Amino acid sequence: MRIVVLLKAVPIVGTERLLDAFRVDRGSGLEANGNDEYVLEAALQLTEQHGGEVTLLTMGPAGALEALRKGLAMGAARAVHVQDDAVAGSDARGTVRVLAAALGRLEYDLVFAGADSSDGLGGVVPAWLAARLGLPYLSYAARIEPGPGGATVRVHRISPTGFDLLEAPMPALVMGTQLLGEPRYPSLRGIMQARTKEIATWSLADCGLQPSEVGPAAASSEIVGATPPPPRGGATIVRDQPDAAVAQIVDFLASRRLV
Amino acid sequence: MGSAIWAVAELADGAPTRLSLELATLARTLAEAMGAEATTVLVAPGAAAAAPALAQHGPGVLVVDTAASEELASAAVVSARVATLAAERGPAWILCGASPDGKDVAGQLAALLDWPVLVNGAAVRWQDGAPLVEMSIFGGRLVTESRPTASPAVIVVRPGAIAAEEAPAPGAVEAVEVVPGRELPAVRIVERVAEAAAAASIEEARIIVAGGRGVGGPEGFAVIEDLADALGGAVGATRAVVDAGWISYSQQIGQTGKIVKPALYVACGISGAIQHKVGMQTSGTIVAINRDPDAPIVEFADLVVIGDLFEIAPRLAAAVRARKA
Amino acid sequence: MTVRLSEEQLALRDAVRELADAKIAPRAAAIDESGEFPWDVVELLASHDVLALPFPAAHGGLGADLLTVCLAIEAVSRVCATSGLIVAIQELGGLPLLLAGSPEQHARWIPDLAAGRILPAFALTEAEAGSDAASLRTRAVRDGDGWRIDGSKRFITEGNVAAIVNVFALTDDSAEARRAHRHLSCFIVERGMAGFSAPKVEHKMGIRGSPTAELVFEGVRVPDANRVGEVGEGWSIALRTLERSRPGIAAQAVGIAQGALEVAARYAAERRQFGRRIGEHQMIGALLADMATRTEAARQLLYTACQEIEAGTPLAGRWAAMCKLFAGDTAMAVTTDAVQVLGGYGYVSEYPVERMMRDAKITQLYEGTQQIQRLVVARDVMARGS
């Protein structure tokens, strides 16, 4: 199974900032998007059980390298890094254009993506990408396995009542969730081996795209204002005995019409 | 180019989801401000039966019954038909809900129609001839206002952006047959499996009572559930608790779980680490019950009760029930 | 000269740190309280190749340099000194083999050590021979093709759980041998050998999860194939081992200091008295500043010592002694100050600093007391003039 895993390097959770131009600051302190590591783990387990290799694909600045190295240390065979100043500040559409172009240059049976990135592209990129590439799209996976004949992929898709067992022919694009299972820590051996693995760097031109198709110029929305939300804190602290404490809680909730 | 605004609805157990009713209301409200038409589009098996409930919320309803495609994953079926209708009828804006299916549909519509998508809409209003989308980003640490640079576009709207409200007069229901101009690759549903542990979606809950490591174990959650029941709310949890297997992932709140914005969030035995905080910090009111006065959650809660949750929660549940009686 | 960690060293250090924070830190208090040897941590370290670091790649190790091994020890010790010691002892117990063992011995034991399948121990110290280690009395006499070992050892880390113990025994009691430091030899005694027992484990102030054992050898017969190095090479092996293992203890000490500094800093940033965060009061601020400065100084000295020793400096003994001396005293001072910063809370087990202070003390005692380290440095100062 040849699996391409889409890895997004996002600001470390809690440290996200906007730049002056109201773009997300990806200058420093990036880590792999949480959900992307789950799908990477699933991909590694599948190739370990059924043969094949995992390729990482990311679009991002130089700081994305660390997330890629970690993925290689976990066991991915190689990585492709689309790095070009022009792509900074791309919205979902620009991102899809680049990823679709990059995937057009790779061979695969499956493409894996994580659900929602923590820095907010809103969870629409995987569906968009699959539709653009004409791939069957299986989302919100809690489990991924090859279908009985070996030519299809089966996914347990989380549903409100449990899960739906989906099946589609490969090649296909699967979007996965945390339920796929805890990602492994890179072993130290993996870290040392990662040094010898290939990270190919592609520019926008290598992907056959023009700068006008990506980046802020091609963005479909503009930020006209940004405000921090009203500050929180200054809590009332209750330390009384349970009965007295509960009376205060009820009064507090009542004053806000919550009971 | 038309100026109409559409809302894509979805069903759960044969009835429109609350998010769908909110979207319908939002479409109607924006249409009034725009001086344009609003339409709710429902593509689902047995859509006709659910249409009247949607029509109560104002916009006219376009209904496409897809009983024939029941064994296919729904998003691709919905998107192909909505895209075909949109190509014919030319709305300027399509609202999708930020549910799993809604987000899938939004992405697929974007590809089929080659439209841009504005995401994470916490609120939408009409201003200066375009929708102004308020987005809460970085787990609520920043709120931005964004305008699309051109129309038409898809806008993804989160639960709670507006209260669902019935219209003075219901809209008209129009059933249509659609032959999609382009189908997306089909994904077959081999089996639907129901699991006992699955709970109602907590993203739509007005009140959430959540438990963290301090709950101690699955039995401890009985106390949380009872308090949620007394308050009329849903049960949430931190990731540590889900990883420990005490509760299902569908109730996990935080960075890799759900982002929620209830009117009331009661955090029991939750320290308030950043990965959890980003999932709930925009809640209307946050009450924290914790033994540790130095827990991070103290910094951003509205009311902090230092004490043993097993002493406080049951008494609180009893007091709330007594009050309601 | 400056120390710059390579990208790979940084990646390895960060990986161990992440593992330690996530999987070992939550265990530290329980390990201390129960005093039980944490086999789960051994398994964790083994499965993540941490124990493979000091061993050559040819035998399944990672062939890491001394600095990298110390980075790992430091990262683990920062959250749990007992666990950090497991890594240090894996290196210590493997060093005699690495320095003086035969290819057959390497093939026989190194793969298991690298994989963490077996634990080693280093048995030099005796009840009556601590600092004066050269005067040890455990004997090995020729017995047919092999040797017979009689005697006892005291304060041997992991001596009761090790599969192989490096035992230093007297093989030539003559005055000339002693004068020439050729009176000792090193033997591998294996668990289960008849006459070898570990009757007692100490109850200690700190590193309570690490078993410190008394070992007894009553007519233990070992084949000559278990002799490490030449007859009479024992003392030399011991000294060369300590040149590389003392930095490991320095790393443990730096880690302990760092962990304590972080707890104290966090506390000082949150605790408010007299209307301000206590870290903003000058006396506390001064404590924190000294703690931070000394920890960094100890770290830099350790890293430089590692690079010097790895590069083959003839001054290896001095570097090893200096870094261990400074780091041990730093750990004791910093942990003591950490308790002070936390005040009453520092004294109770709800906060980890009292454990860190108890753990720190051993770094001034084992692998050569601070007094021995000073002797080593002083002799070298006298010999070289500075």
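Residue numbering begins at 1 within each chain, and the chains themselves are lettered A, B and C in the order written.
Note that a residue touches a chain if its C-beta (ideal position, glycine included) is under 8 Å from a C-beta of that chain, and two chains touch if they have at least 3 such contacts.
If you're wondering where the values come from, they're calculated on a predicted model, not measured in any experiment.
Novice: Just to be sure I understand: going only through chains that touch, what's the smallest number of steps from chain B to chain C?
Specialist: 2
Novice: Going by CA means, which chain is nearest the middle of everything shown?
Specialist: Answer by centroid distance: A.
Novice: Of every pair of chains, which is linked by the largest number of C-beta contacts?
Specialist: Chain pair with the maximum contact count: A-B.
Novice: Averaged over CA atoms, how far is the centre of chain B from the centre of chain C? Could you give it in whole Å?
Specialist: Comparing mean C-alpha positions, chain C is 55 Å from chain B.
Novice: Suppose each chain is reduced to the average of its Cα coordinates; what separation in Å results between chain A and chain C?
Specialist: A distance of 42 Å separates the two centres.
Novice: If you average the CA atoms of chain A and of chain B, how many Å lie between those two points?
Specialist: 20
Novice: Among all residues of chain C, which ones touch two or more of the remaining chains?
Specialist: Within chain C, no residue touches at least two other chains.
Novice: Taking the complex as given, what residues does chain A use to touch chain B?
Specialist: Touch list, chain A to chain B: 13-14, 16, 18, 22, 34-35, 38, 91-93, 96, 118-132, 134-140, 142, 154, 156-168, 172, 177-179, 182, 219-229, 232-233, 235-239, 242-243, 245-250, 252-254, 256, 258-259.
Novice: Which residues of chain C touch chain A in their complex?
Specialist: Within the complex, chain C contacts chain A at residues 8, 11-12, 15-16, 18-19, 22, 47-50, 52-53, 62.
Novice: Contact residues on chain B for chain A in the complex?
Specialist: 12, 73, 75-76, 79, 98, 100, 103-108, 110-112, 116-120, 132-133, 135-150, 153, 156, 184-195, 198, 200-201, 207, 231, 239, 243, 249-250, 252, 255-257, 263-264, 274-275, 277-278, 281-282, 284-288, 293, 298-308, 311-312, 315-316, 319-320, 323-324
Novice: In the complex formed with chain C, which residues of chain A make contact?
Specialist: 69, 73, 185-189, 191-192, 194-195
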